[in-house]
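Next come two complexes, and both contain chain A; in the first it sits with chain B, in the second with chain C.
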Partner chain A sequence: MNQFLFGLVLLIGLMLPPVARLMESVMIIHMHMQMPMLVIAGFFMAHLFLQRYPQFFNKYNQNGVPGILLFTIIMAYWLLPRTMDEALTIETVEIFKFVSLPFLAGVPLRDSWRRLSKTWKNNVITLFTVVFLGMGWLYIQSNDQLCNNYLVIDQVILGWGFITMAICMVIYLIYIFAVDPSQYE
Partner chain B sequence: MQPALKTTSIKQKTTQVLGISLEDARISKSYLSVAFIALLLGGLLGLLQGLNRAGVLQLPPWLNYYQVLTAHGILLVVVLSAFFTIGYFYAGLSHTLGGLLPKVRKMAWIGFWMKIFGFVLVVIPILRNEASVMYTFYPPMAASPMFYFGLVFIVLGVWMLSFGAFTQVANWRRNHKGEHLPILAFFATGVFVLLVGATAFVAVEVIFMIIPWTLGWVDGINVLLARTLFWAFGHTAVNIWYLTAVSAWYVVVPKIIGGTRWNDLLTRMVVIPLVIMNITGGFHHQIIDPGISESIKYMHVFMSLAIGFPSLMTAYAMFRVFERTARAKGGKGLVGWYKKMPWGDVRFLAPFIAMVAFIPAGAGGIVQSTNQLDQVVHNTMWVVGHFHLTLGMSVVMTFFGISYWLVPYLSKRVLTPAMNRLGVIQTVIWTIGMVIMAISMHIVGLFGSPRRTSFTTYGDFAEKLGWNPYMALVGIGATLLLLAVILQVYAVFNLMFFAPKGTTEFPIAEEEAGAEKTPYWTERWGIWVVLMLLVVSMAYVLPIVDMILNAPPGSPPFKTW
Partner chain C sequence: MIKNRHTSVFCILILVFGLVLFYIGTDGFTAYTAETARVTKLIEEQPVFPEVLMEDSEGRTYSISEFEGKYVFITFIYTGCTTICIKLEENMAQVYDLVPYEYLGEEIVFLSISFDPDRDDPATLDRYKDLFKSDGETWRMARIPEKTQLDSLLNKFGVIVIPDDRGNFAHNSAFYLVDRQGTLVDVMDFTKVTEAANTLRQYVETDKKGE
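Up next is the complex of A and B:
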């Protein structure tokens, strides 16, 4: 219950208009801070759903793959420059953001992550690493304004944000492959 | 008892029963000797500055105020703190992990001589008045290139020592599968991870920006970027010294007062967030810098205050441990249990005063990381007062307290009652001196007296003359502090070479009886490091890309002195 409340308070906090406006005023904070925090809010709230409806999750997400697929689709959708623009200009899309990221990405992520095998987990991280490198390249080299609401410099900054995050994931993958936990645990 | 210590290997038990091996002791003694010689020199230079600012001493042109200030900062903030931290943690690693590996010893010595070589290169231009750039060496002030080459060697030395520590820890973990790293080694791991992370930033600043610029290979330097890289290092460095002191508060002090350690999981949960969130705190040193938008500064206040949270946990934990221990010894009443604390024991008294000092010191830090409040005190003597409270009291007094058992432990001697009494006197003098100095610095800073400024009456301008009584108090404080420094250095070398032979224990408190087992996830350092990198990249990518892409033409080097 505590975890659910923490997630709910985080979600409500992020939805407060002044907070949302501040975070959305900077492109990279919009995409790399607000959106992941919404997923994290869902991740925490998932605790209650997993307790209350274990049957539902067992039935539809037996091996974790459907859940991670849903997570990936939602994340991919919110990676598009146009969706970010629409979130700022169309209210229903903004509402969809605050619903989809916690409940359709955060919740299935938590349920799937405990079900997925190690290989699946590493593949998911590798997929996002490649996607982030690609998005970084797109945002850095594009001379055109991809979002109506943000300047080109914001795009470049976001691009570098993608690259640095991808580097962190590469370091993590190297750590996973290079260090054999059975030597230590 | 901690599970990791339950199944200690024979080697580990030998180290703990027979004491530290001579080779390991020599490493730590060398580091501590350099640290306390730096304290003596730095303290002496501190007195010269204090007397200068008090208006009673005109420094000669061949040793001017800014030279003295640069050397004072480097000797105390870099040499004393770094050498003490390394000496202390290497002794701790040797003690808790069953002696240093031969290759780790070799790495420790290579690191030692690299650092010494670096410091020689740094000191020469300072003495020749070619590097009066203060310890922050902000461009566009440019020192002689030799100064920066010296810094490079210091950083290389730090990396060598950090990788030595990682090698030692990895080896121990391979031989103790599934066990928790002993708590002092856990702190050491956190400290060395932060040392590598922090110095990486300053290495980029010095190697890729400042050195090509002072050698004339490039015309200009991006001042804002250089300052940002510096503070990613500078702020973390200060927090590393603080984390070192905190390790003694959690691990050593409870043993000295005859109690048990605070909850193991919560202790580790103080180290982990401090490691993950520390580096990004550097931005609050740049609250007044132009070129960083207000919304970024606003968001970075969160990162700075986030570091305050583990400190608040520590404050609670420490006083809970004190109360628990004192009540177990028969202490009664709301505050009456304080009588049961070993006030006459310098090994407790010095770190205790250090902890108390962190209350106003931490509060002052919050003032400085708050935009509007900082505008009043930025670059004034307030800031100097603040870091004399944090470093000069919270950190250094803990180091002093440690020295009264660590040095005799290393030299296989004992702390005599007479030396303990001297330590108590030294602690009291230091406390009085530092309180007088830090309070007057804070007050005169609020009145607007700038830091890093040689004595001047501003043409006898009446308002500025009102600062002088406070500056006189700074001089008095500095005098008392030098007296305390002399006593401290005497105590250290007496305990190292002349005190009676005997056995001194390395005091490591045990967990409370029946304590819950700590979950194993605390040991996943790889994950903590990746999280640290993620937080750093999220915090820095926006301002740094902006600083680079929207950079002004860059500044040529200036020699302002």
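Up next is the complex of A and C:
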């Protein structure tokens, strides 16, 4: 219950108009701080749903694949330059952001991550590494303004943010691949 | 891998949901940036050029009705701009040269509108127009002194202008074509000069055939 409340308070806090406006005024904070925090809020709130409806998750998300698929689709959707712009200019898109990221990405991620096999987990991380490298490259090399609401310089900063995240994930993957924890136990 | 029937059915449902979501979100997989979506929507909606007062490089003031009966080929600029506007105006000059001479001023008027009225007074616009060999008559440069009127026009035509901290503006650029009745009928890629000139010529020629 505590976890659910924590997630809910986080979500409401992020939705407060002054907070939302502040975070959305900088492109990289919009995408790499506000959006992940919304997913995290859903991740915490998932606790309640998993306790209350375990049979639903067991039935429909037995191996975790549907959940991670939904998570990936929602994340990919919010990577489009257009959705970022429209979140700022169209109210329904903004509301969809505050609903979809916690409940359609955060909740299924939590349930799926404990069900997924190791191979699946590594595949998902690899997929996001490749996508982030691609997005980083797109934002850095593009001289055109991809988002009408942000300057090109913000776009380049965001691009390097993507590359940085991708590098972190690569380091993690190398670590997983090279280190066998059982040797140290 | 998937043993449970419900789980596999759910997988397919989610994929369908994803397809629908992306289909709606990108106007049927066509517009991945807000700019593409904006242009498509503008051409569909065909907004009317609002009744705003313009002041041109010679200090004359008028509204869009000054050009009634003529096509108006429009760009949005500010003279302090050192990057994209110059490219935009250079391309506009090329279109100007490509359009048949007898159409200029008769069938088509070129108009560059500044969205920086504080700095772009008639004298500044007059100097700026010479850079691109604009004659101030068949190709005019004007500002909209009244801020609320300027905003109403920018808003209607979907021009987004963001001031940065060095006194410059970031903005989206395109060629806009307003028809003889003052309605926006086309938004063209400003990097495709020949294409834009051909489109212009076609508009005028189609009208002539209709007469």
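In this text, the second predicted complex is superposed on the first by the 185 of 185 C-alpha atoms of A that agree within 3 Å, B and C clash if a C-alpha of one lies under 4 Å from a C-alpha of the other, contacts with A are read in each partner's own complex, and residues count from 1 in each chain.
Heads up, the rule we're going with is that contacts are C-beta pairs under 8 Å (C-beta built on N, C-alpha and C of every residue); 3 or more make two chains touch, one makes a residue touch a chain.
All values reported here derive from a predicted model rather than from experimental measurement.
Aligning the shared chain A places chain B and chain C next to each other free of steric conflict. When both complexes are overlaid on chain A, the residue A:Thr89 reaches chain C alone and has no touch with chain B. Look at A:Tyr175: by the touch rule set out above, it reaches chain B but stays clear of chain C. Of the two partner chains placed by the overlay, only chain C lies in contact with A:Leu80; chain B stays clear of it. By the touch criterion defined above, A:Pro102 reaches neither chain B nor chain C. Contacts of A:Cys147 after superposition: chain C is touched, whereas chain B is not reached.
When the two complexes are overlaid on their common chain A, residue A:Tyr60 makes contact with chain C while staying clear of chain B.
In the superposed model, A:Thr164 makes contact with chain B only, not with chain C. Chain centres taken from Cα atoms put the angle at chain A, between chain B and chain C, at 110 degrees to the nearest 10. Legend: residue contacts after superposition of the two complexes on their common chain; A:Gly136 is shown touching neither chain B nor chain C. No C-alpha atom of chain B lies closer than 10 Å to any C-alpha atom of chain C in the overlay.
In the superposition on chain A, the residues of chain A contacted by chain B and by chain C do not overlap at all. Those residues of chain A lying in contact with chain B across their complex are 22, 25-26, 28-29, 32-33, 153, 156-157, 160-161, 164-165, 167-168, 171-172, 175, 179, 183-185. Those residues of chain A whose C-beta lies close enough to touch chain C in the complex are 59-63, 65-66, 69-70, 73, 77, 80-83, 85-86, 89, 145-152. Those residues of chain C that touch chain A in the complex are listed here as 1-4, 6-7, 10-11, 14-15, 17-18, 21-22, 25-26, 31-38, 160, 162, 164, 170, 172.
Looking at the complex, you find that chain B touches chain A at residues 170, 173-174, 177-178, 295-296, 298-299, 520, 523, 526-527, 529-530, 533-534, 537-538, 541-542, 545-546, 549-550.
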